[in-house]
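In the two assemblies presented below, subunit A is common to both, partnered first by subunit B and then by subunit C.
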Partner chain A sequence: MNVAVVKGKRVAVGVGSRLTRSQIAFLWSMVMPVIVLFIIIRVIPVLVVLLMSFTNYNMNRPLVRFLPYQNFLRLFGDPNFMTAFVNSTEFVLVAVPVEILLGLAFAIYLHRKVRFESVYETLYFLPYIVPMVPAAIIWKWIYAPGTYGLANYLLDQMGLPRVGWMSTPQISLLAVIGIHVWKQLGFFVIVFLVGLKNIPASFREAAVVDGATLWQVTRNVDLPLLKPVILFGVVMATIWAWSAFTEVYIISQGTDISTGAEIQVMVTRIYAEGFLYFNMGYASAISFVLFIVSLMLVAVQFRLFRVESA
Partner chain B sequence: MRRTIIGVAVLVLAIGLLLPAVNRVDAAPVEINIWSAFPELHEQATWIAGKYMEKYPNIKIKTTLFPQRALEEKVAVALPAGQAADLIELDKMALYPYYAAGHLQPLPKNVVDWVKKNYPDYAVASVTSEKGEIFTFPWLDSLKAMFYNKDHFKEAGIAKTPETIDEMMEMARKLTKRDEKGNLTRAGLDLRLSGGGFGTSQKYWTQVMIPYGAKVLEKVGTKWRAGYDNEAGRKALQYYIDAVYKYKVDSLDFKSDAEAFGLGITSMFQREAWVVGYMAKNAPNINYGVFVMPKGPGGWGTVGNTMGLSVPKSCKYKKEAFDFAMFMMNDDMSRATFGDSGWQPFRKGVDYSQLYKTRPQLKTFIDAAQTKGHVVYDYENITPIFEIHSRMADRLMAAFKRADLVDNPAGIAKVIKDTAEETNRILEDHGLFAK
Partner chain C sequence: MIGYPSAKRIWARVGLHLFLGLSSFLMVAPFIWVFFTSFKRSNEIVTETPQLLPAVWTLENYLKLPKVAPFVRFFLNSIVVSGVSTFCIALGSAACGYVFAKYRFRGRDFLFFLVISTILIPLQTYIVPLYLLTWKLGWINSYQGLIFPLIIMSSGIFFLRQNIMGIPDELIDAARVDGASEWRVFLSIILPLSLSPIAAISIVNWVYTWSLFIWPLIVANSTEMFTMELGLMYFQREYAVDYGGIMAACMITLLPVLVVFLAFRTRIIEGVAFTGMKH
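And then the complex of A and B:
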């Protein structure tokens, strides 16, 4: 048993220690408000969504019928849901590697003591702190059709053919993923940079003394030691990409875009079903799928960290 | 005696204490909140509120503007919770489900009488439920007509406006311009191929479904079914596909709507009267006119969806809210609304002759509503109407991108059939499908 001295008295702490009833009561009284809030804000809504996903609840129809499987079965035959699921998956598959690889590349470059490092850091981080709504509106102007959008105007000036940024579904989705990457990249650059700065310089110096090249130092010293930070980045990037909403929503509003339905993602689908059509039961079923997939991602994170610590 | 004195003293004290409270209640201004979704209507409501408060200083009117989708979300959350504004401005199609769910206050008898006296019958009918209650003020008429650029017409040697949709397509082909690389530089006819939501299906309904005689919904007894899985519906889609891929009078990669018309890169497009206000503010040098929707082989008419103004059941000051709403729609305010914002009031019997001198285009909208044979359609009062039109728009927009539908009757028929099946499925979900 570990023993600590508190105000001159020896107190048992750690595994096997015994707390008095009043101490336990005090601890519970401190923890309970947080637990209660967590239950109210997190647990109950999840349970309510789960419950609603088994009903035909519609905000405009007070009668509620229990649907044991119909909402979930409908998902597989709903082209809108399938489009949203595939698009969200593409979002993750494209955005996550790009964010992580670019974030790492910029962080490693900035860590090499380049001139004006803090200026570059600020520039990379700026999009992250710009609210998504105005940022997406600016990008809408960039992607506007004809030569009224900056992107096509520049292509025209270079003698290149124009691109249907907002009229070709495959391109539109990639264009929106581009906005997402542009917005989040700064976060990953900073996170990886902090990770790199926490690696003791003596490790690199030792490798250099042993004749390691710059690439070998990066590959054999920096990257292995940065692994927990990279794992954190991958999981965060995956969750953010999987639950992207604002950039897709803003870009798909207005008469300059003709691919709104084709670039929908999971959360825009939930929004449309729940808040435009008031089909709360069906929207809850989609939410539950989103929740389960997110939960699986978190489970992967825990598993990877356990492997790391083992 | 002593008891009496004490009793009187207590009574005086109680009255003394209560009086200021009573005075405070009397003096407390009644606050009426209005939520709007369009900047020009918000400005108008704010201006009218100022006039009203001059007349009734104890009533405070607060106006708040939201982007349209944000307002729809806010209403969806706040109205069922009894936390919405006292007056809500939304399309009646969006308001009806709230009425059906019991969240909106039907107009009281005196207001119903006033509405029936001052509004055309079809306006009253459009906001009357099956129970015979009027669930919202038929404030504004979003009647659609065609805008055209007079200079483009003159340049192309076109001396008149089209009377039929076939004639319109012929003119559009003459008006369309391209650069040496083949890129569109001027759309002869902006068909509103983009944008999504019910706006896209609404323009499509007006532009081609009505002329070909197709209906989004047809009533069978007391229920409904899709009314476009037929020859008229297929011809309507064919018209759009031909316009984009055969005659190339419009493109998915081209600016559209009022902005494009204001930039002078569209020769013809369909919209509501508010564009007149928009043009005056943003493109005063464009020389343009307005004509009623052209006829087709199956019909002649337009869509005049109603912008409603509703009072929630949770409103604390219903009488005042209804009173202010009627003030907003009196003759003077209707003239001001039409002139300043361009939004067309539904009111009848208002003299706009002075207004026509400076904005002659507005006359077409008023005349269109009264032209014999020209039918003004509105959305049906059924709960899933918004969903039906929005999902239809999603499918139409996907079809507009398909060049393979040119001279492909089977492909067109499949698109129409699938879309109609979805419409019927939604109706069935709500117990409204006529089998």
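And then the complex of A and C:
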């Protein structure tokens, strides 16, 4: 039944049937505004950033020149960019495995029919939902030098030497990554827990009937079936770690830190070049690298997961 | 197997709760610490041996905030930005989700791909051209400029589409046979049946826009356009040693999110697990 006759008029019904003119007008008037906004706000800016990365565009300079390779050559000789690139890479290499492994561990434990599950779930999830600015400011205080900060006070209490959280660059970067992990972890716990709950219980029961222990069930039933969800988690974790900004920005400004230059990351570089010095062309070149590298990372991850499961 | 649990199993359970309890406590410990700190008098905040609870409870940290910076204005700005954004996204997601779910037309799959593929590209990537566009429009330092990149949400459209696909076609056809127009179908069948997913998306988006930092940071450059996050950032930079004031301001910034989260916990968890709270 594709056409019904109502009061002498033909009415198209049924999904998949030919649409009438008024239906077509209706559906375009519904989607068009949103599609146009997507093109203006996302598609065009992404294309423009790729084009701009080949120019010397500066908001304070009227003349724009085309630079086929100079911006990208300059990146390699730019110590600030190289620091940022290395730091962002460390961000990904540390944050992603920690988030995924801890997220999996908590999700697997929470899934063992524990009492108060929803309480634990809520507590894990809380940092994720809270805005980053106050969270980073709180941590900045915990990391504060001398006896001001809680972190060093606790080390004192345990009889351990104090740590220059905010004065030793290597440690500062790890401290910032720690904030990032603490903040994002709840997301991965929830996503993996939802994934585990979607695995039919009969799979596990069958394994238990065959004499599998709890750990064998986890390793041989849960984890292989969770693989697509883990891939999703790895991709999200990578993109977020690679484009981290707020926590680094908050930690690296203010009075009690001298390591702003040493802990900078890709996006703080884009911010500095683009919005402090107005070198929009050069900032776009950094954005270009940010974009291409994250695409490559995601592609590699899809590859790895497919090979593994084949 | 059935009967009294063995001692070994009881200990395994105790160990499990110890592990989960301790780790989840560590996750929220910073907030507990800040909550109590914000009610301490300034001479109690930095001491040789920190105490968790204030000896004397005081509201002075909160009461002085509006005097040192226009925090009321910041708060209202944040409400305006996140409110308008959420309203637009609720409407746009429902409209697009419905069309993508229930109509077949030329170009649909391409448009849907266009909408979804931008999920993986963070705002930071194209923030330079977005800023230039805002500048060309003359919207720097205005509400329009603060809000307009936040009125679309790929995952919102996706989420609504998945939910609306579950509404039976027969329901829609029956209304059409009864003479309802397409608008009527959308307004009196699709919208009422999608209120729950629309609520989930709206809450998630509200939290996201309330927390957003990098866009206000570059677009708002005068105090009266600051959002709460921005005002808080400048405040902690200017009054770096006033921990009591800073922690009170942090509490005010995160309290609305906390209240909304505890009130709509399951909705938020469902929405976030699906969308990742990204646009």
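Just so we're on the same page, the second predicted complex is superposed on the first by the 260 of 310 C-alpha atoms of A that agree within 3 Å, B and C clash if a C-alpha of one lies under 4 Å from a C-alpha of the other, contacts with A are read in each partner's own complex, and residues count from 1 in each chain.
Definition applied: a residue touches a chain if its C-beta (ideal position, glycine included) is under 8 Å from a C-beta of that chain, and two chains touch if they have at least 3 such contacts.
Owing to the predicted nature of the structure, the values given are computational and were not obtained by experimental measurement.
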| item | value |
| --- | --- |
| Partner chain in contact with A:Gln253 - subunit B first, subunit C second, else both or neither | both |
| Partner chain(s) touched by A:Phe275 [first = subunit B, second = subunit C, both, neither] | both |
| Which of subunit B and subunit C A:Ile24 touches, first, second, both or neither | second |
| Partner chain in contact with A:Asn80 - subunit B first, subunit C second, else both or neither | first |
| Which superposed partner A:Ser167 touches (first subunit B, second subunit C, both, neither) | first |
| Subunit B versus subunit C as contact partner of A:Tyr148, first or second or both or neither | both |
| Contact breadth on subunit A, by residue count: subunit C or subunit B | C |
| Touching partner for A:Phe38 - first (subunit B), second (subunit C), both, neither | second |
| Contacts of A:Phe125 with subunit B and subunit C, given as first, second, both or neither | second |
| First (subunit B), second (subunit C), both or neither touched by A:Glu262 | first |
| Doubly contacted residues of subunit A, that is, touched by subunit B and again by subunit C | 59, 148, 253-256, 275 |
| List of subunit B residues in touch with subunit A within their complex | 69, 72-73, 76, 80, 97-98, 100-101, 183-184, 192-197, 199, 252-257, 259, 263, 265, 383-384, 386-387, 390, 394-395, 397-398, 400-401, 429-430 |
| Subunit A to subunit C touching residues, read off their complex | 4, 6-7, 11-16, 19, 22-24, 26-27, 30-31, 33-35, 37-46, 48-49, 52, 59, 106, 109-110, 112, 114-116, 118-135, 137-142, 147-148, 150, 153, 182, 185-187, 190-191, 194, 235-236, 239-240, 243, 245-246, 249-250, 253-256, 267, 270-271, 274-275, 280, 283-284, 287, 290-291, 294, 298 |
| Residue ranges of subunit C touching subunit A (in the complex, touch as defined) | 13, 16-17, 19-21, 23-25, 27-28, 30-31, 33-34, 46, 48, 50, 92, 95-96, 98-100, 102-105, 111, 114-115, 118, 120-122, 124-133, 135, 148-149, 151-152, 154, 157, 169, 172-173, 176-179, 181-183, 186, 207, 210-211, 213-214, 217-218, 229, 232-233, 236-237, 240-241, 243, 246-247, 249-251, 253-254, 257-258, 261-262, 265, 268-269, 272-273, 276-277 |
| Subunit A - residues contacting subunit B, complex | 56, 58-62, 80, 144-146, 148, 162, 164, 166-167, 169, 252-262, 272, 275-279 |
